[in-house]
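Input: structures, listed below.
Both complexes below contain chain A, partnered by chain B and then by chain C.
Then we have the complex of A and B:
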């Protein structure tokens, strides 16, 4: 019994760190910028497909493929922000929700036309044989994904909290007009933050695509989980995103093991509803109201 | 003026009554029936999103609840159509009260995400509770509307023409309810909340109360639409809860004209017919739908009905000015 619980918890922690990775970019875009970006799942999907395209067809080095995919999606994100979202700034939030939903359907179906519905796997430069340490089973791609997740989250956290750029970002999204008065180029900050967030989504898609498979609808579940993690962790709280991801992963693991695996995906939704009812500032939040 | 309006209404009702005679193609009649069912769904969505201004992504939950309630009662308990339709409305309305109670205290992004969460949870229940809902395989052989009336005896609707009249018999009273509701003080309160919630609250309009009225009425509409859909198509699966239907309803409501009475109806007709003509480019249908949603929000957020209204007024004004 205890061994079983331990196994579920460990599985949950591994899955949870992948959730955290998928959520980092959204913590920026939704948590900080307050843009409800339903296209985030498609940036995630494109990250996976671009990496696949480069590695499988152009036979590019794996790490180089992932890096180039991230750059390419950042370019896509930049264009989306400038063309679609910048003109909608200041309009009601529903407008961005609907535009990003429309864009997400558009991109997802283009990917379906281009790459087809069959799941693909990114060719890996290392053998993906499982490594065993007692009860823990790991593969290299998982170790890589978890390491990159923590590295990225810490990096972003430091950037936002310590650097001058991070200060400008926080100022912009908290009090746009004052930031502008203080000499911050607000439009540039918006474009830059959105582009970075898109790149993080692509990194998640490429790395998780190396663990699982890549298919056009892969962003659908990823974005819902990412929204859940951002709300659980608290809006714009990067360390909270790690925490939220792990909590979600472990709860799902335990739920799947002891209740029913079919309802695994419902757990996150229930958690979000409970959090917003009772503690809307997130699990780590200080009880601030919405 | 009043007489002219009565005449126009009488002509419209007569036209709708004679429509099946004019539509010789069974396929076209089928499309009209589907458009009418979608109009019922979209009118409900328009109440909460178009009038109160709260974007609910959980409207499919009520559509699906209505469809499943009707189908299950007809299949398991052999209930007559009148009862299944009524139960669908009650079940969807009750779910609306429950979900509304939790979500209507939230605003903006949180409202959007939590309404979406509810429809995802209900979808998962429909997929996983196999014994009750039939699971992913769905419920086949939902009977066509039938029942027993005192004095008339047993009746059953089998032809498309009679189904058309049945759907109209539900749609028209609902359209009248919307018309009366939005022109009453309740409708004014809806719009006040949409335009400026703080101001509306400060003059004593209870945001929660009025949003709840719109939300639950919308849920009941969706439940009725779901019931009509289940009995008409004869097969339902968890697919009725999916985001696909949500997108269709949103496109219909927005392109038709949010916050107008006829917008949802116009949008439903257009976006039932247009995809059929896009069948030539079957694979491009979904991306085109996505693009339409994007473009309409950016360039035509008011929708077709207000646009036509403005054009009409502009055309009528011109001769007066030149005179």
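Then we have the complex of A and C:
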């Protein structure tokens, strides 16, 4: 019984950390830029597909494929931000929502046309043999996913808290005009933030895609979970996104294991509803803090 | 002079018009509803490919009743609501006299009332829930098997021969999955086995760690997996990754072994048993030449896809329909329905004849994946 709980919790933490990764990217865009980015799921999906294309067709080293895929998606994100979102700066939130929904439909169907609906498997350089760690069983791709997620989140946190760029970002999102007066190139910050957020989504997509399979609609569930986690943790709240992701992952695992696997997703969402009933601004939300 | 030009123009147009209406024989439309997108897209595509092969073959031999047949394919997404939309489209916009579809049991059950209301026959090619032919509908004809028949055929092997004594079922949470759990569960219990767990998953689920963890600690000695190709392969992959490869694993309803190996990897698929319908590597007696011909043609047309039972059922389904239209001497729903009742065809998937429940009895067998390749274990009928 204990072994089962432990295994469910560990699996939940692993999946939860990837939810956290996608959510951190989204919270940067949603919470800091106040852009409801429905395309986030497609950046996640493209991360998986670019990694697949590089690894399976160009036979690039797996780790290099994942890194390059992330960079490629960041480039796509940059272009989207400059071309579609920058001209809409200051317009109502509905406009940006419509644009990002449209972009998401476009990208998903483009992927469907290009790669077809059949799911694909990213070729891994290592075996997915089960590794026993006491009573718990893991695979290398899951360990990798958790490690990379952790590293990326720490990296982003350090960037935002300790670097000059991070300071500029925080200044811009706190009070745009004062930041401009202080010499910050506000447009550059917006572009950079969006690009970083997309990159994080792509990383989550490539890592999860390596554990499971990739297919054009994979962004749909991912973005739903990411939004839930962002709201659960408090909009714009970094740490909240991390905790929210982990909590959602573990709740799903335990819910599926001990209540019902058919209702796995529902259980996670019910938890979120309950938490929001008692803490409407999210677990760690107190306005807009990073 | 002007008069001459005018007359020539009129005569010319009339001749042209006559040419077009005589030369372009109106094609007989056959509706097809399959999942072209979504988690069952792989499976749906196979059916369409098999159907298209039949279409080509039939048209190359002059079509039916002197007219070519034309498949009108709609994406049902294996979803009940979408399939109903697809059926309505085909029946009202395209006015097809017959439909083959809709791949999934839940979707097929959803379109059956629509077919009845429009008094148009439906040929069921892959859905296996018993409810499709029980109670029998006069407009529904099933060429594929159903879970009750499958369980009956598997009964003497599951527990006594294959040793599935403590079974955990992992099934899609829809009519298809539930039908298998109901009937196969009974088959297990009848021969002294026990059903330890029934784990259902939403179609399209990708993370099975919670269910598999439960199964690992439940004392089950076997897992029976029922889902679409993509999900089933994902489950196989994860059983391996969670250290459950030593437990006996079986995939039901003819999931093609080649696809499992491709998606889950050879390592993960080692030893997996597969309950099959038509398979290219294990022809029933007398079927070898016909199967080889089909396989060769398919591989030439679709080189990147392994041929599977979905293609075979799609192919047989269209041929059954074409034969019925021919017997009926008209592309009319009512007459096609009557002709379907009298179907007698030596198909790829079996000797197709409908019993009093409009149900045919296709071939089935069990195979095992060894070193990435399927090997026949036994023919079930």
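Here is the rule we use: the second predicted complex is superposed on the first by the 269 of 290 C-alpha atoms of A that agree within 3 Å, B and C clash if a C-alpha of one lies under 4 Å from a C-alpha of the other, contacts with A are read in each partner's own complex, and residues count from 1 in each chain.
Everything below uses one rule, namely that a residue touches a chain if its C-beta (ideal position, glycine included) is under 8 Å from a C-beta of that chain, and two chains touch if they have at least 3 such contacts.
Remember, it's a predicted structure, so these values are computed and weren't measured experimentally.
In the superposition on chain A, A:262 contacts both chain B and chain C. Applying the stated contact rule after C-alpha superposition, one finds that A:164 touches neither chain B nor chain C.
Within the superposed three-chain model, A:4 lies in touch with chain C and out of touch with chain B [touch as defined at top]. Contacts of A:88 after superposition: chain B is touched, whereas chain C is not reached.
After overlaying the two complexes on the shared chain, residue contacts for A:231 are found with chain B alone; chain C is out of touch. Of the two partner chains placed by superposition, A:181 touches none, neither chain B nor chain C.
Touch criterion met: A:117 reaches chain C, while chain B stays clear of it. Shared contact residues of chain A, touching chain B in one structure and chain C in the other: 112, 260, 262, 265.
By the touch criterion given at the top, residues 30, 34, 36, 84, 87-88, 92-95, 97-99, 101-110, 112-113, 224, 227, 231, 260, 262-263, 265-266, 269-270, 272-273, 276-277, 280, 290 of chain A touch chain B in their complex. Across the complex, chain A is touched by residues 36-39, 41-42, 45, 173, 199-202, 205-207, 209-211, 213-214, 216-217, 230, 233-234, 237, 240-243, 245, 262-263, 265, 267-268 of chain C. Here chain A touches chain C in the complex through residues 1, 3-4, 7-8, 11-12, 15, 112, 116-119, 121, 127-130, 132, 137, 139, 142, 212-213, 215, 217-218, 252-257, 260-262, 264-265, going by the rule given at the top. Across the complex, chain B meets chain A through its residues 49, 53, 55, 102, 106-110, 112-114, 116-118, 120-121, 124-125, 127-128, 247, 250, 254, 283-284, 286-287, 289-295, 297-298, 301.
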